[in-house]
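See structure below.
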Amino acid sequence: MTDRHGSHGPDHGLERLIFFSDAVFAIAITLLIIEVHVPELEGSATDAQWIAALFHLFPSFSAFALSFIVIGAIWTSHHATLSMLSQFDRSLIWPNMLMLMAIAFLPFSTALLSRGSLSIVPYVFYSASLLIAALLKTRLTLVALRPELISSGVPQQAVVVERRLAWVMPIVSAAAVILSAFVAQWGMLALLGIPIARRLPFFRRPDF
Amino acid sequence: MTDRHGSHGPDHGLERLIFFSDAVFAIAITLLIIEVHVPELEGSATDAQWIAALFHLFPSFSAFALSFIVIGAIWTSHHATLSMLSQFDRSLIWPNMLMLMAIAFLPFSTALLSRGSLSIVPYVFYSASLLIAALLKTRLTLVALRPELISSGVPQQAVVVERRLAWVMPIVSAAAVILSAFVAQWGMLALLGIPIARRLPFFRRPDF
Amino acid sequence: MTDRHGSHGPDHGLERLIFFSDAVFAIAITLLIIEVHVPELEGSATDAQWIAALFHLFPSFSAFALSFIVIGAIWTSHHATLSMLSQFDRSLIWPNMLMLMAIAFLPFSTALLSRGSLSIVPYVFYSASLLIAALLKTRLTLVALRPELISSGVPQQAVVVERRLAWVMPIVSAAAVILSAFVAQWGMLALLGIPIARRLPFFRRPDF
Amino acid sequence: MTDRHGSHGPDHGLERLIFFSDAVFAIAITLLIIEVHVPELEGSATDAQWIAALFHLFPSFSAFALSFIVIGAIWTSHHATLSMLSQFDRSLIWPNMLMLMAIAFLPFSTALLSRGSLSIVPYVFYSASLLIAALLKTRLTLVALRPELISSGVPQQAVVVERRLAWVMPIVSAAAVILSAFVAQWGMLALLGIPIARRLPFFRRPDF
């Protein structure tokens, strides 16, 4: 059912979709910390042992921070895309649900990444799971930004930029997959492409 | 208390019920990943060992995906049913709460399913827990779709289809219970009946 | 800051308080299932071994169901109380926060209860934690139902009944504490006093 | 995109930011209990053994309560700050996201604190993680309370007090870091500075 003429106003169905998505994003992003395990030290451990144990968690802390920022970036993009719509449409539900499935999967990939392995497999797996999440977000963007759903107050230029931006993360994640097959964790540096791209005028969102 | 003449407008109580339900759905669907455990490998494990360990998680990954889609389908149906109402009514609270209890239970059934057992018990238990969740959702639909609660903008035909759809998942889940008693995990294939049924004209939701 | 004359309308601050509370309720109620652990059986375990293992979880399942219903009942009461207000007031924040702390603690008490102990301690501890949560909810009700905060559409009789209802759960929980000191898990039967009391005319909420 | 002239009214983007933040706060605050582990006792353990085991959890219970109150205080402050705005602005997203990262990290610091160590490291680490969360909240306050974003109904005096209050928690947390380097857990007493400061007229929020 579209809520086009429903009693809750034009965007009630859309609000519930956004609400449910925000809750999944928030849970996935907060669950990341569960995978960082407190060091198992005796009550009598010395300061030096505690400091060593916490330094040993460095891969876990950096995997937490990286995934928090990546999920935060996807949420930001989801927020920007869906705020352009004035209309709920049933065709949004499943592309959104599958994207959320990829987001909900990321705490697992992050836990894998935080093992600090010598093998390239966890790094390739992690960046591949980002690639899948990014592609599903791109698909949602393309399904959502249809003229009949877009709010009349949104200028055409903003829609064009939003569609362009939808390709930044898939391309950068694909680069991370390839790079990490050669240089393991250093492949993650490809993700710096996201903030860099966002600074280019080509990807600047117009104010409106 | 109905909010019929309350200061928050006609549907404030309904919004809080929907909000709470969405949060429970979102948490249950995201907690599914917690049951997928990262392989315990040494830091020095080879690529081949990592790949083997990840392949070994295949039952976990497929149980995660299956339950995500099933809970997603129940959420979608909950969204469609409650968006037809304009009125909160206290009689909705407990049927909704019991349905949420069955939803919150599904991460346990999913963890059972992901053990990849040779016994039929986990598969029968899993599909029985889906059946209970589905029946409680059906009961909620029947309680909710009463003429005095339905928004005046909703055509009678949409209500009729919604009631029909409410029976698809209980029937399909009952089939999965019976089938999995004979063929274990293959009984889950009965769940494909949900997307198939949804494509039949008999179950097509009218636009309005 | 009260939102009394704010730009978001009279109840925006109240909505955020309710929203945050609902999220805490929803997480606490859904986390209950995390404490129910999947049996550790070999892949080759027989049907009979699985069935025995699941029967062995009976105390866990019943603790899950009991706590789900109790938290659900407190949520229902929170919903009814706060829907009477039209006004946010800073004085609501900390009584609400402390009540939420007691709610967030319940998954721990529930895990204790599900150990199926022969000692009375887990049962007394569990019912004492319910008593604390119930008393903190009662305190919130008394702080919230002040004439200057209540919506003008709410009849005096509804407020009177709401205040009375606020004492049902503390009294019943106190009975459960005392009873469980003598009869361990059977003390939980005192909680049946909640649905029984709710059926008495003395506690009937008027429609309005 | 600012929603300045969007179809959802002036503050829809702001509401989604608040909503997402509330969900992260709620999850972080409720996850704290997961780190309190139920004692592993035999079914035949005596009452005295259960009571001893629960007393042994005292550091866990007090770490849970402390962090619940601290996160609750940051939420309250976030609520007060953002309720002064009428305008969403993209510049709020990342300061808010980084603050949420520090909040989501607190269940880890809390678990560290609850180990009841003889070393000062867990206490310094915990108060340092509070300091970082507090500084990121202060930065968000400074970014948010810009004249062009503040709702026209908010008096200048309220904004001045809100900015002052933003420095209480960083100063108190810095004191806790320093103190706990000397007196371990007793350094946490510095946090009592928060409720004390809030009672000074200098920090009193004006009604409006």
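Letters A, B, C and D mark the chains as written, and numbering starts fresh at 1 in each.
What we mean here is this: contacts are C-beta pairs under 8 Å (C-beta built on N, C-alpha and C of every residue); 3 or more make two chains touch, one makes a residue touch a chain.
Predicted model only: the values in this text are computed from it and were never measured.
Here chain C and chain D face each other with different sets of residues for the most part; under half of the interface numbers are shared between them. The most distant chain from chain A, with centres taken as the mean of CA atoms, is C. Averaged C-alpha coordinates give centres for chain B and chain D that are 34 Å from one another.
Centres computed as Cα averages put chain A at a distance of 24 Å from chain B. Taken residue by residue, chain A touches two or more other chains at 19, 23, 27, 31, 34, whereas all remaining positions touch fewer. Within the complex, the chain C residues that touch chain D are 1-8, 12-13, 16-17, 19-20, 23-24, 27-28, 31, 34-35, 90, 93-94, 97, 100-101, 104-105, 107-108, 111-112, 115-122, 125.
Against chain B, the residues of chain C that register as touching in their complex are 11, 18-19, 22-23, 25-27, 29-34, 36, 38, 41, 43-47, 49-51, 54, 64-65, 68-69, 72, 75-76, 79-80, 83-84, 86, 151-154, 158, 205, 207-208.
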